[in-house]
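Shared chain: chain A. Partners: chain B in the first complex, chain C in the second.
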Partner chain A sequence: MLTFALRRAVLGVIVLMAVSVMLFVAIRFVPGDIVNQQLSEAGAVTPELLAQKRAEMGLDQPVLTQFAHWAAGVLHGDLGNSLWTGRPVSDQIRTAIVPTLQLSILAIAFGSVLGIGAGVAASLWIGTPGDVALRMASTVFLAVPQLWLGLLTLSGLAAIGYYIPLPYRPFTTEPWANVQQVIFPALALSLGVAAALSRLTRSAMLEVTGADFIRAARARGVTPGGIYVRHGLKNALIPVITLLGTQFGNLLSGTVIIERIFNIPGLGNLLFESVDNRDYPTIQAAVLTYGFITIVVNLLVDLSYGAVDPRIREARS
Partner chain B sequence: MTRHFTPPTRAARFARSLLAGALLALPLAATAQETPQYGGLVRINVHADAPNFDPLASTEFAVHSRLGLALSQLVAWGTGPDIAYGEFVPTPSLAESWEISDDGLTYTFHLRHDVVWQDVAPVSGRGFTSADVVATYEAMRAGGVQGGLLSAVDTITAPDDYTVVLTLSSPNVVLLQNLAHQNMWILPTEAFDGGYDRNTTVIGTGPFILTGDEAGVATTYVRNPTYFGHDAAGNQLPYLDAVEITPIRDLNARIIAFRSGQIDIWFGPLNLTQMAQIQAQVPGLQDIQTISNTQTEMYLNPAFEPFSDIRVRQAINMAIDRMAMGEVIRGGGAVGGVVGPALSTQTLPDDERIALYGTPNPERARELLAEAGYPDGFTFQFTLLNYGEEMVREGEWIQQDLADIGITAEINIVDRAAGMALGREGNFEALYMVMSPFAEADEYLSTHYIPGAIRNYAGVDDPELTAMIEEQRTIGDPAARQAMLWDIQRYIAENVQTTLPGWASLLLHPAHARVHGWHPMMTQGFPSLREVWVSE
Partner chain C sequence: MTLAPSPDVVERRPNRFLGILRALLREPIGCTALVILTTVLLLALLAPLITQYDPLFQDRRAVLKAPSLAHWFGTDDIGRDVFSRVLYGTRISLLVGLLVVTFTMIIGGMIGLISGYFGGWTDMIIQRIVEALDTLPSLVLSLFIAAMLGPSVRNVVIAVTLAQIPRFVRVVRSEMIKVRAQDFIAASRVIGASSLRIMLTHGVPNLIPTMLVMGSLSFGIAIMTEAALSFLGVGTPPPNPSLGTMLAQGTRFIGIASWLIVFPGLMLTISVLALNLIGDALRDVLDPRRR
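Our next item is the complex of A and B:
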């Protein structure tokens, strides 16, 4: 198991390196740079000043040289300074990642409970109006973009006279305000996850409950609850966990829009603004952070298979 | 004889602002007769965080709008119910008076004696002196983004602690307005000798003290108890205890926050439909409307063969029905001009601007195309900077108007940074974008039509035009300068036409009924906030 985990970790590092190189080059091919943005409102700016600013930021260097400087910094644990704010990028990431993780973990928790619950219920109610309603709901929430769902949630709350308090407050200083600020965007994010999970859980449950070992359990007199939860759901969980891992990645990308709509100063918002401002070090660090989280989550998912299914654990051993 | 500055009377300012006619934008709520009250908090939304607080590092609205609460200029924009949105009335700020020599080459500023810096270390409330002004302007000239605003200045000296003398290499009547520019904040000498970090610390002489800034959350201020400003009755300003600037990026979220009363003063784009919805839900809303200080512009690159012929550029100008476009898409506003219409005394008169840019003539446009050798039209890449839905719709409107005369515009939408880069590289055929919020005709002219200038995307190099632009800076008589500015604009319309003005939209500045004394101004930094007060 340890060998397996190490192998996956090494692969993860290689993926992150590949992402870094591709991003570093790709973002520099997009027209426009930070100097354009900083001086965008100015009238009395000379080409000499623009060149001076670019030189100060090292943007006049060849891309390869810029990459070498950046990569050397990263290897020494220094993500550099933001070209936009002048502050260390690592500080910005550290501040922004807290609300994003809070949002993502809440959303995945809501999505898991709703999705797996709805999937199990639909498999139990197969062919009934309840099953049809749940399948229809899952199709709808799969089809609805998170952007629209976020806007609808915000407008719907306002329509009933409830306004999410502003500005954003961290949980550590104002927990009640924070809960109000995070719970609705988390719900908006979770519905897509729940929809995907419910469909997969339903089909996995139907497949498992038709298996011989379930019939044998029934014959042994196991209660219906025991059959579905201890035998059925546990065996149906492998594909569900796999999907959960990929959904977490999707969900992270969804935070970019949701954080903007709900005014949450998270990593998504930071990335959005960094792209807008062509703040290269922050873009690179934010994408690396997203990549790192995704790789860690997928690693955890892989490891969890062993916990759920002893056969996998033994095979890896 | 040396010209002395005397602040204009309110009556004189009122008469002048009436002349501004259609551009007048006065709050509907009458507040002048009410007695201001001290205390309270006002919250304003903006669209972005301030990346840092160094005024020399960027021209970003997000930076300078925030700095304006805490810092002051030597000369300021006047504000009040009788001053129009786009009207520059030079008003004493850190300088209480000034004189301009007869040859226009020497400006002598007499500084206030009662100004102290905010009580923030390391400056800690010391007195403001001419050394601060000299240090700031010299630093700007050495490497500040606003250095160009001082390009006419030859020397900056301080004969004593309360006098600053600027000498110019050639007369420049725009200098006063340049000194009142939204980027020209005066900092203490400690800001330039390593005393503190300008990126993170703000120490000024303005009405509010910046107390905190958290990205994505808020920038907070409290009243500066030692602020030098007083109202007409001699009461200490500001009235407010505190101000909070909240960055809300999403328009829908901003509208909801405003409706709920979590925002008191609106800042940013808002259309009439959205305004009507807000009005239906917010009783007593102040509906303040102005013509925008920006306008859309279409750049035609002469490097693309059809656009090298002025007849083609004129044909495109004649094909676009701007009046209908502005009314339908923006719900109001004004036809753009070589100088934006918000600069009411400098842009061409309305009727002339409408004749030049607001009177489509597709028949004549087709004739011009045929004369230029394009009777069947041609196809070009129309690069559109994405400033939002309405901008895209304007682009599509223009596309349709051009299709009517046989020209096919293929729209490419790019983000702002990319579009500006393409413009500066000359890597476009036609470019449609929103102009910066320029507050002086000279800014429009010198950025668009001087060779090598930052907005001269079309590469205009016309010695006669350059000479005219340089000459208008030297004309001290306002009427004569206005005539010259108008001549320049007519010359450009007739001979250049590489930058076609589009539309200056209606700008809405709603504020809640509890807010009094709010007068939005074209310049950044919320200058009227020092006179704002709230009733609960």
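Our next item is the complex of A and C:
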């Protein structure tokens, strides 16, 4: 199990390296750098001034040299300084990642409860109006853009006269304000996950409950509740976990939008601002952080297969 | 598929898409979805005939008016007719979606075919690149590309296409691997068919069902991504009406003018819903196991 985890972790690091090479090249091929951006705001632009500024930031070096310099820094845990604010990039990332993770973990939690609950309910009520209603709801919520759902949540809250306190406050200093700020965006994000999950849970449950071992359990006199949880749900869990893993990517995409709508200073907002300013080190670090989160989630998904299914655990060791 | 196609096979070919369409119309869900999508399409195409308002015309006497008989969906903060803007915005959404799906199918399909057919080193390299692209959430990738290239419809198409390609490559590749393992491929190789010929005559036709299902789902995702990018200000540049920019504009009037948010979003949702349902129905129609 440990060797399996290690091997996957090493693969993850290799993929991240590939991503950073691609980003580095892509960023520098695009016209218009930060010097242009900063000086055009200041007004007077002369070629000498441009060249001087670029030399200060090391942007006049060949791309390969710049990359080697940056990569050496990363290996020492140094992501460089923001070209815009001058602050260390790692500090910015550390502050921004907290609300993003908070949002996505909450959304996954809400989505799992809602989705698995609805899926199990639909499989129990199969063929009844309740089943039809739940399936229709999940089809609709799969099509509602997170963007619109977020805006509707905000309008709905405004309609009942509730305004979310602003600006954003971290959970550690003002937990109550933070909860108010995070809970609604997380709910808006979770509905898409819930919809996808309930569809899958329903069909997985129906497939499992038709299996021989369920009939055997029923014959042995296991209660219906026991059958559902211990035999049904447990066996339906593998595809559900797989889906949760793939949904996490969608969810992260959603946080970019939701952070913007609800004014949450997360990774999405950081990325957005740094792209606007052509702040290379920050863009690079923000995008890589998304990659890093995805890789960690995929690793967790892979590991949890073993935890859920003893057969997979044995095959791996 | 036989080595020497019998005449009736050749004859049936041109009707293949019609056959799929007919099967789709027989499904209640597929039929409903097709009707909805056609309506949306007609509304967008015939916009100038349906509404007499110019989507860019600013009527200073009708600012932030609630929906009424004169303005079905109300007006925005500078007096533009929201109904007209929604129709013209849908044009851009559908255009972007169509272009993205076409390019994704062609480029992603080709890369996937090559990766699956040749295997070995080619496959290894392509798969690593796809994996690397896949670790980034698709909107992050699109936002990054679109913002770097600057706001324009063309750049949105590039950004969304690039983010969609990995999924297509992966699916087409695995289908191609399945096709490649079958006897008729070995048979055509024996009689001297070139790799290109095998990919085009045996690979492509076998991939059409998968491509159609993925295409319709992709279409919906592309529309949503275009809206998201425009919402963030890196998509369709103003003053062009785009559902995303309209939603961004509406955020400033939350609690004051809800129609600015409700109608563009509703149009977006209906389009995506219809496309998703067509995808689901196509899967049922085309999947041989479900027939």
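Worth pointing out:
Criterion: the second predicted complex is superposed on the first by the 315 of 317 C-alpha atoms of A that agree within 3 Å, B and C clash if a C-alpha of one lies under 4 Å from a C-alpha of the other, contacts with A are read in each partner's own complex, and residues count from 1 in each chain.
By definition in this document, contacts are C-beta pairs under 8 Å (C-beta built on N, C-alpha and C of every residue); 3 or more make two chains touch, one makes a residue touch a chain.
Everything numeric here is computed off the predicted structure, so don't read it as measured data.
When both complexes are overlaid on chain A, chain B and chain C end up clashing with each other.
By the touch criterion stated above, A:Ile261 is placed in contact with chain B and with chain C alike.
With both structures placed on the common chain, the touch criterion links A:Gln52 to chain B but leaves chain C unconnected. Once the two complexes are overlaid on the shared chain, A:Ala216 sits clear of chain B and of chain C alike.
Look at A:Ala109: by the touch rule set out above, it reaches neither chain B nor chain C.
When both complexes are overlaid on chain A, the residue A:Leu16 reaches chain C alone and has no touch with chain B. Once chain A of one complex is fitted onto chain A of the other, the partner contacts of A:Trp148 are limited to chain C, with no touch recorded for chain B. Look at A:Asp276: by the touch rule set out above, it reaches both chain B and chain C. When both complexes are overlaid on chain A, the residue A:Thr95 reaches chain B alone and has no touch with chain C. In the superposition on chain A, contact is made by A:Ala26 with chain C only, not with chain B. Among the candidate segments 149-157, 167-175, 221-229 or 275-283, the part of chain C whose C-alpha atoms clash with chain B in the superposed model is 149-157.
Overlap of the chain B and chain C interfaces on chain A: residues 30, 151, 154-155, 158, 260-261, 272, 276. Contact residues on chain A toward chain B in their complex (touch as defined above): 30-33, 36-47, 49-50, 52, 82, 84-87, 92, 95-96, 151, 154-155, 158, 163, 165-169, 260-266, 269, 272-273, 276-278.
Residues 15-16, 18-19, 22-23, 26-27, 30, 139-140, 142-145, 147-148, 151-152, 154-155, 158-159, 249-250, 252-254, 256-257, 260-261, 268, 271-272, 275-276, 283, 287, 290-291, 294-295 of chain A touch chain C in their complex.
Put simply, chain B touches chain A in their complex at residues 48-49, 51-52, 54, 57-61, 143, 145-149, 151, 178, 183, 199, 214-218, 244, 246-250, 252-253, 256-257, 259-260, 262-263, 414-422, 424-425, 427, 436-438, 443, 446-447, 452, 454-455. Of all residues in chain C, only 128-129, 131-133, 135-140, 143-145, 147-149, 220, 224, 227-228, 231-232, 234, 244, 247, 250-251, 254-255, 258, 261-262, 265, 268-269, 272-273, 276-277, 280 touch chain A in the complex they form.
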